[in-house]
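So the structure is just underneath, and the comments pick up after that.
In order of appearance the chains are A, B, C and D, and numbering begins at 1 in each one.
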């Protein structure tokens, strides 16, 4: 009995070591997320180009940390889901940041494949779980009403229209999924409220005839694609 | 004791079989609801005639599934309320969709009898519970402010007036009911907030003198009764 | 709209009337349960024959009240499960009392059919739901360890043996049921703990060599079948 | 966006199909566990040889169902831990049953490797998670005090000695593991209480000088290894 339990101890200790390695990496991931988030804050006041530029500077840190996660998992093949809880929340926040920044730059949805490529996850050991990707998109949706309100306050009156079109496309896309009564389903329901909120802002802008007055202003605050290309 | 419990086991297992049959049908009902809802989404941007037309195409699937629910219940007479929880939410959503589409077409309230006839529920085994019908109407009421906001944004300025008249009639009708402090009462209170929101939009439109400018636009977006008749 | 809602009001009011009638009857049922329960209390000190006799005197009140429940339900056929929540708990307590008293008298399990016959439920309008019956039996099981402890304290040393045999039969019978992860399943798991507790009392009695000393005492406290027959 | 989400829908639906297959197999596993458990119940009254014999007859059903689980997992390599929750509890119960029956027969601990070989799990797709194995052993430990109490009640007075030696070995073995403050740690603490309870029974037996009086009785109730060998 002793011999067997001695070998159990080794196995359990190995798993504890893996968990400690993961915890340490994920703690660094938390810091990187906080820094990228902080870099985006000026977005709500002014100078979105600079904010996006700064925020994108943190992506390389994500790459470094996800590469480390992949290396730890390389030592325990087939156990991605055994340790999934360690990085689940953080990955959802990373998806939020990446897809939000991508939308600010290009106005479209960052695909699941693009996320993995941005995070340098071409190795087989690590990947972005599909549900984590989708929840990350819900997080981005939840941020957009606040962004719209601040943009309109700053005089960028065409923002609600663009966001409402994007969110209704996203909402329609989520409806394609056959979501059962689970966590993802509840998060998806939230997109509808985000959309409704944005539509109300759009309504306010339209009813006051402000929509056509903003084109010039908007072009100065919302970065052009050319400008953004240079940042990459 | 064993013999008696053996017969109990059979009875409980039969009830599990019924529940599994119901779950499977209700899961299909969920898909049908999702599809009809998705068909209505373009309503919020353009082309309401087409959206209504597409949405109505899903009603036959509802008929098929409610017929199947009725067939399952035929095997357990008097147990409609034993299994009510299985289809309660879905039926409320179906009422929402049917009464919303009906209002879009005809501008009036779909009656309880009309719902049962639309769903082909003339058999005695299955019917629409009155409270489910009333909660479905509350759901429709909750959707109308969003509809009004989007219509006005699209330049259809007479929409708030029509909706406010309909909602105040609906609110008055609910007041006839002697509702105690229960779930239905809380949902009914929500109609008041929907009405208030629509009245605020109506006020915005009126104060800006927009009401008379929209007649032409509206007629191109809001389908006429004649056009709708051809769809049926 | 008004006419339709006027008829809805009538239907809802009728349902409120039914609920009020049920509430009033069930409140009387609560009193009858309390009284029968109180009548059984002396069981834990002395004179079990008298306690059983007194307790059985309350069964006729149960009959009267269940007949009234049946009459109310006669006016709304097929709606037993619509109003089930009103009497569910009380019926489970009634099953507990009837099956406990029956076990005290005859040492066997009161069958589902015997319960319905004791409550005079031969009409079709009212019946005892199978799950309520089974939960009532779990309630009886939960009472037995306390009964055993008190009997042994009173010097009736053969009681644990009889109860442990009865409970292990009951436990085995419940295992025949294919219970899923629901409320009944959790209640059934409790029988195992009751059985374990009784087995520990039996162990205490056996290890001290008390089992054979009690036969005389027991026969004077535990009523004989003849005595009980006269009580009926 | 639609195309991407259409492919997401397929992936999510595939995962739902896997979950439904697993649920169906695990439901059968529940039945098999229930039956093997029921077969062991007579152990607590009489005829342990027959009970063990009957119980072992259910192991082939476990083999069949774990083979089916392995086949489902073959279609999704590396996702054992993604779906682990589906069979976790059941596997712990299976370990409990197998290790208990093994102890009844041979008086020693069923090793992790022996469990996998009893369940025919030589394929790579499926294995018994180490923590599930250890929790299953804790479950067995929790059952032993009840077994001891019943054996002593039946006059088998050497049982507490044998169990207390086994449990103190098991407790010592668990102490080798470097368990942190987690679920397994709490379950392991339970072994200490089981051991204490058994030691109390052993004390009761010893203090009354019953230990040497039972050898004859015991040999008739507790099956000898020879008898058991013939059952295999």
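General observations
FYI, a residue touches a chain if its C-beta (ideal position, glycine included) is under 8 Å from a C-beta of that chain, and two chains touch if they have at least 3 such contacts.
Source: prediction; values computed, not measured.
The minimum number of touch steps linking chain B to chain D comes to 2.
Shared contact partners of chain A and chain B, listed by label: none present.
Repeating the A-B interface with over half of its contact pairs identical by residue number, the matching pair from B-C, A-D or C-D is C-D.
Averaging Cα coordinates per chain places chain B and chain C 44 Å apart. Note: centroid distance chain A to chain C, computed from Cα atoms, is 57 Å.
Centroids of chain C and chain D (each the mean of its C-alpha atoms) stand 35 Å apart.
Annotation for chain B: no residues touch 2 or more other chains.
Interchain contacts close the chains into one ring where each touches exactly two others, per the touch definition above. Residues 31, 34, 37-38, 41, 44-45, 146, 149-150, 152-153, 201, 204-205, 208, 210 of chain D are the ones touching chain C in the complex. Only residues 1-2, 4-6, 8-9, 11-13, 16, 77-84, 109, 111-112, 130-131, 134, 169-170, 172-174, 176-180 of chain C touch chain B when the two sit together in their complex. By the touch rule above, chain A contacts chain B in their complex via residues 165, 168, 171-172, 175-176, 178, 196, 199-200, 202-203, 206-207.
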